[in-house]
Amino acid sequence: MDTRPTFYQEITNMMYATHGDPISTCIQCGTCSGTCPVVEFMDHTPRDLIGMIRADLKDEVLASNTYWYCASCFHCNVRCPAHIDIADLMYTLKRYSIWKNQYPEGLIGPTFAETFVKMILSGGRSYEPVLAPAYIFNYGLQGFLNEALTATGLLLKGRIPVLPPRIKRLDNFRRMVGHIIPASNLVGEAK
Amino acid sequence: MKAYAYFPGCSLEKMALSYHQSALECARRLDLEFQELDDWNCCGTTAYFAIDQLLSYTLSARNLALAEKKKLDMVTPCAGCYKNAYFTNVTLKRDADLAEHINEALKEDDLHYAGTNQVYHLLEVFCNDVGVQEIKKRVTQSLNSLRVAPYYGCQIVRPRKDHEEVENPRYFEDLIAATGATPVEYQLKMRCCGGSLLITSRKAAFSMARNLLQNAMDNGAAVIATACPMCQVNLECYQQQINQEFGARFSVPILYFTQLLGLALGASPKELGFGSELVSASAVLAQIRNKETSTTQSPYIRHATS
Amino acid sequence: MSEKVGVYICHCGANIAGVVDVAALSHWAGELPDVAVARDYKFMCSSLGQELIEKDIQELGLTRVVVAACSPHLHEATFRNCCKRAGLNPYLFEMASIREQVSWVTANKTVALEKSKALISGAVHRVIHNQALEPIIVDINPNVLVVGGGITGIQAALEIADAGYHVYLVEREPSIGGHMAQFDKTFPTLDCSACILTPKMFSAGTHPNITLLTWSEVEKVDGYVGNFTVKVRQKARKVNTELCTGCGICEQKCPKKVIDTVFEAGMGLRKAVYTPFPQAVPKYPVMDVQNCTFFQKGTCKACEKFCPTGAIDFKQEDKVVSFDVGNIILATGWDLFDCRRIPQYGYGRLANVYNSLEFERLSNAAGPTGGKVILRDGVTVPQSVGIIHCVGSRDKNYNPYCSAICCMQSLKFAHLVKEKTGAQVYNFYIDIRTPLKAYDEFYQHILETDETRFVRGKVAEVTDAARLPGEEGKLIIQVEDTLIGKQRRIPVDMVILSAGLEPRHDAKEVAKLFGIGCSADQWFIERHPKLDPVATMTEGVFVAGVCQGPKDIPLSVTQGAAAAARVIGLVNRKQVSLEPVRASVNAEQCSGCRICNNQCPFNAISFLVDKGVSEINPALCQGCGTCVAACPAGAITGSHYTNAQILSQIEGILEVELGQREAVPA
Amino acid sequence: MSDNNQFEPVIVGFTCNWCSYRAADAAGMARIKYSPNVRLIRLMCSGRIDPQFVLKALSEGADGVLITGCHPGDCHYVEQNYKTLRRYALLKRTLRQMGLEDNRVRLVWASAAEGRILAEEIDKFVSDVRALGPLNWIKMATTTYVDPAPASA
């Protein structure tokens, strides 16, 4: 007998520190999707996604852009009549998808998340210039020009730092991170 | 003088320097002592949770431990940092095993998280610890009749369920009213501005920001007050691009609430970091000055003195 | 003298036998000292099972019986009767709960067997010390108190009064009738609420066996089944009901208009002296002292001037009346969920968002608009109406339970709106629940004829923030249409919130007053959810209608009648037997220290000064045993819960454990 | 009892007839699985609990005693559970004086609706007593109990 956990079980297990009730309590009422400010951009509504997870439709879930569009605004969380931590579910799916290296083509979210993490691990603080221009090519020429204009505006107003900030006890910080993800290639690359 | 461990967060170093300056200026004028955390690190923001939840907790736990070293409660002006620090604190207090695991890592920096302090957002410190009535007493320059739309955003009130009013809080309005300005009632004050999607899903972010700006305008806002650097950047710096995208003509100043509060407490625009806006706030400043003269010389007083 | 104990182990089908090895258990029990016979049987509570016990008592001369089965709260009475029939005193019987406490809560079969042995061993040890007792017989006062004058209370009162017994019907409001009097139509037949309710109200008001106490509240209840003493506060009406003819002139002449937040749900006005509605029973008005011009400003007295019989009495005071009853029925009803608690639905902020009671008044022909369904501006007929189900129900943020009536109520609203306005109606639901007779047919009828659009999805918010063309000036309902997986924004003119039913705000205090329990949601707890739905754990106190849990009119009426039948049955018996669980003082041993004297909340213990000892009045003693535990001299005995019985049970329970521990050292 | 030779404490529990025994019934009806280490004894009220019952249980081999009753304010006999509460405090002091860990005895309130809460409290108590280890208190001499005949009612 195959005893490997199902996709549904994997996702449930991954929601380790969730504040809410398990997704098995979902009554498919759609409050989350009715509330969601980004839902028009998602290929499946959050409610639909929960149904798909419960049906073990792993490939379909991993091909969905839904959780990459989640803005973590937590509005669904506070309204959910079943007290499900839906935002945490979205994070869980992001983690799962990065872990499996499986996500839809053309999405910036996964690469962005990884770059962001590497950036913080290298300096301990975030540095906007690394982030914005690197991904703006994805929005085409017009987008790039617009971004450059905004960036120039911010630069002129002195709101963009020239050098990346670093914390002082960076070595301690990196060793601390090493305790949490000892063999991570993220840390390796950051160094 | 009440003291707090102050955690500014990455954005306030440069991008939102005016928030940093005005927050400290307001604190000074309200007799609060903000001691900046020594060698704080990035809270991890929203993106971090997508990679490693445990690491995200660790990053926030380091900052909490730094605050504990000072034996002070932590205050942060950034809504994102606040949410991460607040929930890390809640989760670690509840989960001793997780705290133990993270403390192993914190040892590398000679730190220890014990869960002895509280985490507050700047708005809470002003509204609850200082109190709206006290602030009202300290106002020296009324912002009379300036129509300010308070923008709560997401992470100050959510996802807390223990919060009294998650859907319709009033403390931001009360604070604005205390400065003598008129808080604008508008429906989307709790809706997400899309800031966290700026880089990954620009179209969605713009559409959300557009809805918000439109709703505030429709209800007669002259300025939007924010309590989060991400919201500020999204709503202000990208206004022009939003105008292009949707053929709109927004030109709304987006100020940090501390900049408005600072003006009311008698600080100069320069002390509050005015001048770095991409959407000019000169009209707002001019209006406050005009109103000032008109209120000091109200028809009644003129009549009485003449 | 050695006792002969019979031990009977029930399989309860597979409920017990599926987890506990009943054969092994019965074999083991047979070996216990003093046990003459041990048997297991499929269903001990069946007539065959009971006959088995009776036969053994008679043929083997058993002197004690132990049944290991379900909870004693379910079948203790059954087996006691069985012993009695076979000639054994029913108190020489013990029960071990190996279903609720073992097989249903234990996964491991070995452990379940051990725990069953421990419980049976405890029961066998205890039963040997049990004493033959006779139940205490008390007379039943035939009078009955019914609390709450809604349709449930009215039904109960009429049934009892018609059976020839006297009823005190106490109602908090000025008139009986309850929520049903506010409704226009009732589902699923759409008959007019007033037409079917008014005759019953009238009968209750004129019945020679019913004493109506409206504008009154129960303040104190003392006593026990058959013998309660009740104190009721009659709030001052400021109207002498001896003189009042109910002509209504005072109300006509009263210059003060007040928003009626009770009967008209805030939709209409009333006067400061008023009857809530024309068919009110009794017909006498009450004066609202908070709003009366005379009471607030010292002048006016228009009502007094015009009253043709001089019935207005500004000096009238509250009056406390006291009377004795044998039984009590609580039918205190419900409060409507406060929709302000869900700010995103806009109730209280957006003028044209109504709650269900407001809509009932709006559509009622006798209501403030004469039954016209119009917007808050008083003229505009809505072109489109959204009805939201499950407001405040089935939601862990508010009430987790289903309010049971909202689906049918919402379907009724959909029909009434369509009939009265021709508007496009939308119903937003999570599930449609129409389980009772003719209910689903009503749903089918709405589907077939009314062109109502049904959208499956819990509404996320109602807003006036227009964003898209066609939304300007409308209320926009934002919802996921879950059947197509799309978020929709539907602009409408009017929104009706089908708000849930909640326990009365003071349900907890009322429960305490009458000595009954409340569930976590604060509904009153019945004795058994299926088999004893109107009795409570307190003998002589019954519950009926929505105060026990959400239900509609037919079920409420059924429960009112059911509670009445239970009460009539008791009263007809004239006497009731009480458990002989009572404390008594052994005067020989009593040192007269009086420590027990202040242990009793029922004042059953008195000190006999001349004899220098304390004494317990068995009629007042409720059998809790607190004084027994308090007596330093051990002079007080609590029958059926004696020290010997309990200490032996402890020994018995632990005997099994020790044996087992020696076998398997930890 | 368990496979890994983990110490399984034996616990005697006292319940009142109205709230906590019914909570145990409710836990059963809801099929909530909880630690089987507790054996319940039904009394009419937690106010009936005589300290000698607790000492008897501990001396006869119980490793812990659980006392349960209605929530304060909800007592079927108006206020008797407050007396239980006071006696409980005294009892804990007595246990300490006798050299016993006073946390081998615990008081838990459970209403008739709180089957889940009772089950959780039982699990918690069992695991806490398990951590304390076996009691092995001196076994009291077994005595024969004779009650006086009840007064005729």
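Going by the order they are written in, the chains are A, B, C and D; count residues from 1 in each one.
Rule of thumb we're sticking to: a contact is a pair of C-beta atoms (placed from the backbone, for glycine too) under 8 Å apart; a residue touches a chain by one contact, two chains touch by 3 or more.
Computed from a prediction, not measured in an experiment: that's the story for all the values here.
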Farthest chain from subunit B, going by the mean of C-alpha atoms per chain?
D
Determine which of the two chain pairs, A-B or B-C, is joined by the larger number of C-beta pairs in contact.
A-B
Separation of subunit A from subunit D, taking each centre as the mean of its C-alpha atoms, in whole Å
50
Report the inter-chain centroid distance for subunit A and subunit B in whole angstrom, where each centroid is the mean of the CA atoms.
23
Subunit A to subunit C: how many Å between their CA centres?
50
When you check subunit B against every other chain, which residues touch at least two of them?
161, 167, 211
Could you list which residues of subunit D touch at least two other chains?
none
Residues of subunit A that touch two or more other chains: which are they?
40, 78, 83
Would you please name all pairs of chains that touch?
A-B, A-C, B-C, C-D
Considering only the defined contacts, which subunit A positions touch subunit B in the complex?
16-17, 19, 37-38, 40-41, 68-69, 71-75, 77-78, 83, 85, 87, 91, 94-95, 98, 107-110, 112-114, 116-117, 120, 124-128, 131-132, 135, 139, 143, 146, 149-150, 153-154, 157-161, 165, 167-169, 172-173, 175-181, 186
Touch list for subunit B against partner subunit A, complex
10-11, 13-17, 39-42, 44-55, 57-59, 62, 87, 90-91, 95, 98, 102, 104-106, 108-110, 154-155, 158-161, 166-167, 190-192, 194-197, 199-205, 207-208, 211, 237-238, 240-241, 244, 275-278
Per the touch rule, the subunit B residues reaching subunit C in their complex are 161, 165, 167-168, 186-188, 211, 214-215, 218
Within their complex, subunit C touches subunit B through residues 342-344, 397, 463-465, 467
Looking at the complex, which residues from subunit C come into contact with subunit A?
344, 394-397, 430, 456-461, 478-482, 485-487
